[in-house]
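Each remark here refers to the structure printed beneath this line.
When the chains are written out, they are named A, B, C and D in that same order, and each has its own residue count from 1.
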Amino acid sequence: MSAIPISWYLVLSAVLFGLGVVAFVFKRNVITIFMSIELMLNAVNLAFVAFARARNALDGLVFVFFVIVVAAAEAAVGLAIVIMLAQHRESLNVERVNLLKL
Amino acid sequence: MSVPIILFFVCALLAVAGAVLLILAREPIHSALALVLVMMALAVLYLLLGAPFVAAVQIIVYAGAIMVLFVFVIMLLNAGVEERTDFSKIAKWAGVPLGFFLLLLIAHFLARSSIGTAIATGAGAAAEQASTRELSVQLFRQYLFPFEATSILILIAILGALVLARKDE
Amino acid sequence: MLLLDHLWIILALPLAGAAINGLFGKRWPQSVVNSVAVGSVSLAFLAAAETVREFCALAPDQIPFVGNYFTWMVAGPFRVNFALQVDQLTVVMLLTVTFVGMLIHIYSTGYMAHEGGYYRFFSYLNLFMFFMLTLVMAANLIVMFVGWEGVGLCSYLLIGFWFLKKSAADAGKKAFIVTRIGDLGFTVGILLVFAVFQSVDFGTIFRDVSQNPRSEAVLTAICILLFTGAIGKSAQLPLYVWLPDAMEGPTPVSALIHAATMVTAGVYMVARMNPLFSRAPVAMLVVAIVGAVTAFYSATIGLVQTDIKKVLAYSTVSQLGYMFLACGVGAYAAGIFHLMTHAFFKGLLFLAAGSVIHAMGGEQDMFKMGGLRERIPVTYWTMLIATLAIAGIPGFAGFFSKDAILEAARVASHGNSTIFILWLLGVVGAGLTSFYMFRLVFLTFFGKPRYDEHKAHVHESPKNMTVPLMILAFLSIFGGWFAAPKLIGGIDHFEKFLSPVFSAYAPRVAQEEIRVVNPALPPVPPGYSEPSAGMELLKALTGVPVIVAVLGLLAAWWLYIKSPDTPKRWAQSLRGLYLLLLNKYYVDEIYAALIVRPLLWISTNVLWHVVDEGAIDGVVNGTARVARESGSELRQLQSGNERSYATWVVIGAVGFTVLLLVLLGGMR
Amino acid sequence: MGFITQHPVLVVSLVKIAVLLFIVMTALAYLTWLERKVVAHIQSRIGPYYVGAHGLLQPLADGLKFLFKEDMTPPTSDRLVYLLAPFLALSLALTAIALIPFGPPHVTWLGQPLFVVSNVDIGLLFLFSITSIGVYGVALAGWSSNSKYPLLGGLRSSAQMISYEVSLTISVVGVLLLAGSLSFNDIIEGQRGYWLHFIPRWHVFPQIIGFLCYLTAAIAETNRIPFDLPEAETELVAGFHTEYSSFKFAMFFMAEYANMITVSCLATILFFGGWLSPFPDSWTWQNYLPGAGLLLLAAYCAYDTVANMRGIAQIQFAVVTLLAGGGGLISLYPPAAAVIQGPFWFTTKILLILFFYIWMRGTLPRFRYDQLMSFGWKLLLPVSLANLVITAFVIIWPLLRHG
């Protein structure tokens, strides 16, 4: 049973994070933007777990735990907001949500 | 080629594919499914990293609860194909390339970083597995306060969601 | 040691009174306001008394007793604690202020009974007490300065108490501004003190100055600057002009602030700083000269005033002059002694005058009074006693103090012609004093009534006004008897009591002087033969001051009882002089011409039109314009488009990552 | 071949998976038969009778019917997802069963435990993670068929499943606290022994509230009556699988029954001591109970064959009789009997619970949707939470008392 370098995991997580960022900028649908945030969080989690493994300390895992919890809370509130948004203006497209625009 | 390495590559591939799909898909549901795919792959990777508990939590909470919530909302709002408006030039011309640049940058340096080259033996080595017991001990001893804090956070989140979703009489 | 450890209580009481009345008094009936105001001050007096009792139990090395409450400000070496102290000098002031203050509060409850803004008046009065006590108990110059300015503020508020009356409001402003001139000097003085001694604590300063010698020039500068403040506050030449106008305020205010306590703050300050003054002979001389000249000068003005309160005002100015004269010749004890007695009889005079005015229904012109003797006997008798006291008739408080001052001046004038002249001025001033005071009494109480019997229904004041009068009258008689034994060659207990304060840090030379004026201090220098008790008494009783006082009395009697029409004839014949005096030497007009108008012109044409409109407004508007225009430019960034925001975030992240990883050479 | 010899685990696992799949599939098929029979008898009907003796071949027939029906996909539907949904549902349902240990771990084959496909030491968590994914099958089916009834059904079921999953999990935690482990084997072994020498130390007794909560939530999870809102035919034709026909429909069908089995397995493990027998080991005769049971069955079948059966049915039943009798005889052979023990008890318990399920279905009416929701959130969740808190306190109490 041979070994997998931690760096592979880290690179993978970096790639996922980058993709998340791209998605965040690229997508226009509020919900999908939300998802891209979740994607970034996941990437970070992967990095955490990898580090935890490398330094074989459990703190990384605990952190993942917290990240997941916070993500859950965020999703709850965020989606509630999204629903409000959808009710108040018929579009989920963030570019149509521009009351702040001058 | 040994089992873990194959597994790793398969999962990594799936994850990246999922992420790309998330970007390319125009149906929100498809994006959601792609994200679920990513999460599954990550869960397997966690198993490889010898963190079965985190893997399970990942699936239960992320795939099983959060993403279901997303799907639910999408179905509720019946969110159709996203329209391709293009109001912000900067997002188009600067954002995406910069995002990729960031991606490559971080990847590059992580690959070169000292901790990156640390070797981890794959999953299956039972001794290497982070035991759930230790994890819980850590969580409830050392990280008790953050734990409580998050519980309060969740409570607040629930209340917030309720207030937002309530029909204003 | 109950109260010594909590000196702040004495301050807190009046402050609390002021706060309560000021905040809630408006809705309360007079009785409640009274009880709060008088109660707080009376308690303060009791507290002071208790403090004094505990103070007397202290060992000499514990004096001055300093109470440090909290560090107020710290800036580098500049460190100020909110500290209070008690020593003999403080004790005298404390008792005087609280006691007279209490009496005047009681008096006011009667005098102000029919006035609007009753609660406001008492709130101010209590506030004044608070600041005055702060001033008196301060253990360093800064805290003292707080009290100093505070009493100034209260004086302003109370002079302008009837702020609807323009003259009152103006008088208030005048008092404030004029004293401000002096305070400028005082402030600079304080700064200089700090610059020289690196501290503002009295104890530190005095120890320092007594141990290592300082250049006399610097000390002189300091003392003169501080004395400027005193000039302003205690209405000496040339800044006395505000005090007569201050009579616009209610009479109790004139009594408390402009006779008994506040105006004497200057004297107190000089006495307090005696270790410095004693080392600056030139400054001392200045103090003496200013004092003596003021004493004489304002006495002359007092001769011809017709307004009863104006007369008292000028007499106050002149009495203050005497105190400064005393300090100037190094007889601080005598000065403080006179301060105390003066607080009694001048307070009494004002209150009595107030009672007269009250009786006359607001009439203040003495030539519209007369023959009130039978109508208001209590007022008459008390006022008579006060007059005898101020005139320096033997046996009354004023006699002892004024005698001590003149005696000190006389002794100091040995082989010093300047001081001899000052002494001369003082003596003549004393004569004038007794003259115009008796003129006041005769005009007011004797002769036939010169007012309309039917309009003014004259009536004696109520108890709460007359009782304080009587108490003060008692004090005006016996308040000076501490010094009585000296008359028969014995010890002046008052001086003896105060001597620690003035001798502790006194320089060699100064000690000589003090010893001369203060036989209590052995050893007696050679060539000074101890005369017999009888001789001493005789000398004291037939001393020059007494003689001139009696002469003044007789003159007044002759002019205003015997042949009342003589003054008019003299006024006719000496018209120029008369007018000059009547118009107070035209000082106000001169000031207006020399200072006020140019100032107004400058501030209108230069400060207003050029500096304010041009520079300041220009800067302000310019800033606003810059902000607005840059804002309208930057607004472009705020597209309100979430995706562009996201992109900015990404750009920032990339920049930061590059910085972190590339510049800091990756993670190794 | 070398690869295989290197990794015996793979071989064994593959074989076990194959066998399990076969068993479970048949079990599913005959579960439908059982259900129909029982309900029929509850309603004093006969139920499937003519296809095979006692309708024993009915499931087979149904299966064939499904296979040959036209498989239509609505044109407006989202193809990929439409296909994905049933596969997801069924595959997940079957995967879950792979975690269930049907017998004690010490019975091994090639060094691998025989009665469980994958022996994970936090099996429970994994089981939950798999079941939690199960929602997608329904939700996606509802969405992808792009018509209103399925959409509503999908919405309902996803909402319902999320809601009840919470109380399901929480109601189980009580048991976890008692067992102090997430591994099925530990949990089961923890229930070995007796109170007062005759009451088995099963968790049902201390955790009775937890069990009731679990049962309710489980029924809701599997969309069974009285919680089968997602396919409430009176309101929305057939709920999320309205648009599905033929074999895809069958997949949903099987998935539902598979879920039932999983859930009852879990109930058995957590509350009824899994493969442990209710009797003390000292009663050695209990080793012969399986054999005896099978022989009794064989006897009955034999009688039936002779008495009532005619024609083909008679032959079929003879076969059944022979199978039962043979099985009985084999399991009377002591080593076999010892091996059979665990699975025997396990299946017995499962069968009882499944019977209960069907019984419920025959008895109870359907909830209204708002009732369902308020019941889940306002009654079930608080109760299970209270149960959890009380259990935790009872466990902690001694520690609190002395250090």
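Following the convention adopted for this analysis, a residue touches a chain if its C-beta (ideal position, glycine included) is under 8 Å from a C-beta of that chain, and two chains touch if they have at least 3 such contacts.
In this text, all values refer to a predicted model and were calculated from it rather than measured experimentally.
*Asks:* What's the overlap between the neighbours of chain B and those of chain D?
*Replies:* none
*Asks:* Can you name the chain whose C-alpha mean lies closest to the mean of all the C-alpha atoms?
*Replies:* A
*Asks:* Looking at chain pairs A-C and A-B, which one is connected by more C-beta pairs in contact?
*Replies:* A-B
*Asks:* I'd like the Å distance between the centres of chain A and chain C, where a centre is the mean of that chain's Cα atoms.
*Replies:* 76
*Asks:* Quick check: how many Å separate the C-alpha centres of chain A and chain B?
*Replies:* 6
*Asks:* Distance-wise, how many Å sit between the C-alpha centres of chain C and chain D, to the nearest whole number?
*Replies:* One centre to the other, that is 101 Å.
*Asks:* Averaged over CA atoms, how far is the centre of chain A from the centre of chain D? Could you give it in whole Å?
*Replies:* Roughly 36 Å separates the two chain centres.
*Asks:* Two-or-more-chain contact residues of chain B, please, as numbers and ranges.
*Replies:* 3, 53, 57, 65, 69, 74, 76, 87-88, 91, 95, 99, 102, 106, 113, 115
*Asks:* Two or more other chains in contact with one residue: find those residues in chain D.
*Replies:* Correct list: empty.
*Asks:* Could you list the positions in chain A whose residues touch two or more of the other chains?
*Replies:* 21, 24-25, 28, 95, 98, in rising order.
*Asks:* Can you identify all of the chain pairs that touch?
*Replies:* A-B, A-C, B-C, B-D
*Asks:* Spell out the part of chain A that touches chain C in their complex, as residue ranges.
*Replies:* 21, 24-25, 28, 33, 94-95, 97-102
*Asks:* Any idea which chain B residues touch chain D in the complex?
*Replies:* 3, 27, 29-30, 33, 36, 43, 52-53, 56-57, 59-60, 63-65, 68-69, 71-72, 74-76, 78, 132
*Asks:* Inside the complex, what are the residues of chain A that reach chain B?
*Replies:* For chain A paired with chain B, touching residues are 1-29, 31-32, 34-36, 38-39, 42, 45-46, 49-56, 58-59, 61-62, 64-66, 68-77, 79-84, 86, 91-93, 95-96, 98.
*Asks:* What does chain C use to touch chain B in their complex?
*Replies:* 639, 641, 643-644, 646-648, 650-651, 653-654, 657-658, 661, 666-668
*Asks:* Touching residues of chain D toward chain B in the complex: what are they?
*Replies:* Result: residues 7, 78, 80-81, 84, 120-122, 125-126, 128-130, 132-133, 135-136, 139-140, 142-144, 151, 154-155, 158-159, 161-162, 165, 182 of chain D touch chain B.
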